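These notes open a run of structures that come right after.
In the two complexes below, chain A is the common chain; its partner is chain B in one and chain C in the other.
After this line comes the complex of A and B, so read on.
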């Protein structure tokens, strides 16, 4: 059943190649069908699908456990929401379908080489999306970094095979890899995944790609980013439990500071949000690298809040940037969009009453309990800078005198979706457990490699 | 400064590679029993017990030299690479097919021409005449490569590439030759769809996606190895159409 999540968008994409004019309806159909399948799959967690009937570790298998279920749920909902915007999607429907298949495959797969293949498709589709609105220079930059990451990921996979003797994640997790080899393998995986996960110093592509057009930030800052950060957890916690986490921690802290400072000095709205997205990814990675159940759970809680807030922010910002020459006081004309934007930016900063407060405060308390003061210090510093630039942008967009007199008709769909998601952010503040319960399960599933291995072995002994 | 960083990073990478090489067993000393490929070579995946295999108790069989002309229950390709690529790890191949599909899609979206580009030079008569003779032969050779993918070296990707070379030759020899995007797109899409549908049939019949639901037959016969030849024919035609479309994109320009 779970294989349909990957295969149906793919077959729809192939059908769209036959008749170009059907591609948009096919995109909407495939995203709707996928969301329905994900909701139906809830009953079959955890389960393993053995492709071709070749049992692991010989063949390829897909693993649906609490962690991967949560990731595909978020990714498919994001794609469904993006697919609603016909003008934004434009002629990129087929690309989005392939990307949806790749995100699902990347999250679900239990095989290292298979995940490399899906990473390759993710990068290729990402580059195509980035090239929208003739943003070729930045797309090319992403292509160069993405292929570098791909080759490092492949090299790491080959190295794992020479040590373990199979490409299966469960087997790699079970196998005791020698100390000398695992250092090299994990560092290569860190470089390979670091590009997609926006880890310093591999995140030079982010501002250009997110800031270059109206489609790529909507997908890349949310669904793809979530998939990459999920994979970080899967590889570094489940498969290679415990190695290279110190390097990840240090790099993540640098990522936070560098991202926030770059956002502070940035004059372009989309690029500001892009740098802020880098910093948020840094916070999530730093929390993951602590590898305790509480912190990993909070990492994915924070990531969920960030994904929702960033989706709203980019939804509003791309509309403004591509419709008005001058953004001063533009929210006086679009009050609903403005409200949604403000709520989401408050959540990003971590004001009380909004979701970001819950995740940031809990992280701080948890870190103080374990008497680690470096991460809280960086987190508080980041919050202050975030406060500065987001409030500055809000003031500019709400209160400055209008310079661009033209008025674009308010987009009803965009306003509805952004305000609903913004209200959801307030809802998460009031009842954080609706997100915290699933993310606690995510953390348990990521940290418990024994039951991951046992699930996969059980699937090959006949029990599906 | 940039060069300094580049040298630093390259040095770190080289150090890592060298330090890793010391952990790799020297040539010919690797214990194949610990690798999954051993089971692929002797076609004994079904005989293995996963738990025992992971603990190092693999059932080791000599890769049989007399497999040819026999009925093998598990897997029926004579070409061992094909047996891995299109049967044991067929899902990866579906992914690679998608990578190529995406690349062609990207070229189409970025170049997006609708009219044949005119270079204003006439091909000489040697090229023109020999094209007429060579094109059918090239297409036949390409088709031979992918039809026999489960028996001899080759398969869908090289076969399709050879077919696309025929259309490249036509483009080079004739200024007016133009393949419509609709026709290559239709072939590409329907063949990609065929691959997925074969997989879905496996899911419906055997319960696993890409399950081999056809009899394996006698190793070495043209009609053998279950779904493998079908998949390779679909890949061959798809890659051929895709790369022909790519050549078309490179030889076209936008209106006006």
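After this line comes the complex of A and C, so read on.
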């Protein structure tokens, strides 16, 4: 049944191409059906689907374990929420459906070349989304970086093939790859995934794409970002068991500092949030690179908080930026949106009472226990900068004198969804275990490559 | 030998990406990198004196080293299709860039802030 997650949106996208006016209803249908399928799949975790009966390692297989289930769940819910906004989606329903198929495929697949194909589809659809509102030049920059990364990903895949003789992730994880080859493979994968995961030298596209229109940040900063960071964990922890993690660690720390500093000096609201999103990805990557169960679990916990908060922030910010010329004091007209924005930015900073506090504090305590002081230092430094620019934006949006007198009618749906998600952030602070329990399972599944291999190999006995 | 060709082509492509100010030349550099990777993949699957991977009178059954590896060829087919897709997407974006910014040379583009 899990193959439906990929096939259904893809079929619907083709149907939408036949008659344009059906595309939006088809998008809503496919996202609703996908969320239902994901919820139904909960009972069948872990399971492996062998496509076409070609048993692994010869054919392509889809792996649904605790980790990929969680990533698919988050991604599909995000797409469902995005699909509710008819105005924002506009003419891009078909693209969103293809992207949904690509995200699901990218997360579920157990085959390296297959994941490359889905990565390329993800990049291509991302470029099309980014070109909304005549944002062509930034979309082109993303295309160049994205497909360069795709080439590196393909090279890494083919190097793996020369080493283990198959493209199956479980197979690659099972065989010991020679010391020289693994260096090349992991570095190439780092470059290949680094673009989507917003790793430091490769994240030049982020501000242009997130800051360029009202649709791409909603999807890319949440669902796609989650998928890319999941894949980072899958490849570097499960498949290549711990190689190149120190490089990832260093780059992630630089990513945090560079992202926060760029956000501090940014005058544009959307671009500030884009750079903050880079910094948060850096925090997650640094925590993943520690490769202990506790830290990986906290990494995905933090990522979940970030995804919820960023969704709300971008939801509110895109509405403001594209409806008002001057943003001073704009929340006096939109109190509900303002409250949701403030709660989410507090969560992002890590104030007590909000979800971000739980993940940041737990990370700090865990790192102090293992007496690693570099990451906590960087994390605290980042928090101070975050505090500066987010509070500055909140003050500007709430309290400065109104200059733009025009008033746009309050968007009811946007306000409802953003306030519900903001309340969810407070809920996560009060009961962190609703997220921590699943992410602990994610960490276990990512770090336990033996049972991953066994699952896939056992499926070759069972057939379809 | 073929590996060197592919390495040199990747070098040319990266050089083009870094130095060219014309966006279309950047797109072509990207295409060169794509081609280089494809050549590399084909070269990986090559076997000296290997036949095409089809059973025929000359090669009636599977023998070690009789066939070239068919899998990289299948991969390259897919990669070529993806490469063409990306090239077409990039070219169509550049048409729009030209319309909006009146040039596709980074130095002469109008209205590109920051």
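Heads up, the rule we're going with is that the second predicted complex is superposed on the first by the 462 of 464 C-alpha atoms of A that agree within 3 Å, B and C clash if a C-alpha of one lies under 4 Å from a C-alpha of the other, contacts with A are read in each partner's own complex, and residues count from 1 in each chain.
As a working rule, a contact is a pair of C-beta atoms (placed from the backbone, for glycine too) under 8 Å apart; a residue touches a chain by one contact, two chains touch by 3 or more.
Just so it is clear, the model here is predicted, and its values are computed rather than measured.
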**Request:** Scan A:350 for contacts with chain B and chain C and give back first, second, both or neither.
**Result:** neither
**Request:** Name the contact category of A:59: first (chain B only), second (chain C only), both, or neither.
**Result:** first
**Request:** Check whether chain B or chain C contacts more residues of chain A in the superposed model.
**Result:** B
**Message:** After the superposition on A, what does A:128 contact: first (chain B), second (chain C), both or neither?
**Reply:** both
**Message:** In the overlaid three-chain picture, which partner chain does A:18 touch, first (chain B) or second (chain C), both, or neither?
**Reply:** first
**Request:** Go through the superposed model and pick first if A:154 touches only chain B, second if only chain C, both, or neither.
**Result:** second
**Request:** Report for A:98: first if it touches chain B alone, second if chain C alone, otherwise both or neither.
**Result:** first
**Message:** Between chain B and chain C, whom does A:162 touch in the aligned arrangement: first, second, both, or neither?
**Reply:** both
**Request:** Pick one for A:118: touches chain B only (first), chain C only (second), both, or neither.
**Result:** first
**Message:** On chain A, which stretch or stretches are contacted by chain B in one complex as well as by chain C in the other?
**Reply:** 113, 117, 120, 124, 127-128, 131, 136, 161-162
**Message:** Help me check something: in the complex, which residues belonging to chain C touch chain A?
**Reply:** 17, 23, 26-27, 30, 33-34, 37, 40-41, 44, 71-72, 75, 78-79, 82, 85-86, 89-90, 93-94, 96-97, 100-101, 109, 112
**Complex contacts: residues of chain A adjacent to chain C** = 113, 117, 120, 123-124, 127-128, 131, 134, 136-137, 139-140, 143-144, 147-148, 150-151, 154-155, 158, 161-162
**Prompt:** Which residues of chain A touch chain B in the complex?
**Reply:** 3, 7, 10-11, 13-18, 20, 49-60, 91-92, 94-95, 98, 101-102, 105, 113-114, 117-118, 120-121, 124-125, 127-128, 131, 136, 159, 161-163, 165-167, 171, 174-175, 178, 180-181, 184, 187-188, 457, 460-461, 464
**Message:** Quick check on the complex: what are the chain B residues that touch chain A?
**Reply:** 16-17, 19-20, 22-24, 30, 34-36, 39-40, 45-46, 48-51, 53-54, 87-92, 94-96, 98-99, 101-103, 105-106, 109-110, 185-186, 188-190, 192-193, 196-197, 199-200, 202-203, 206-212
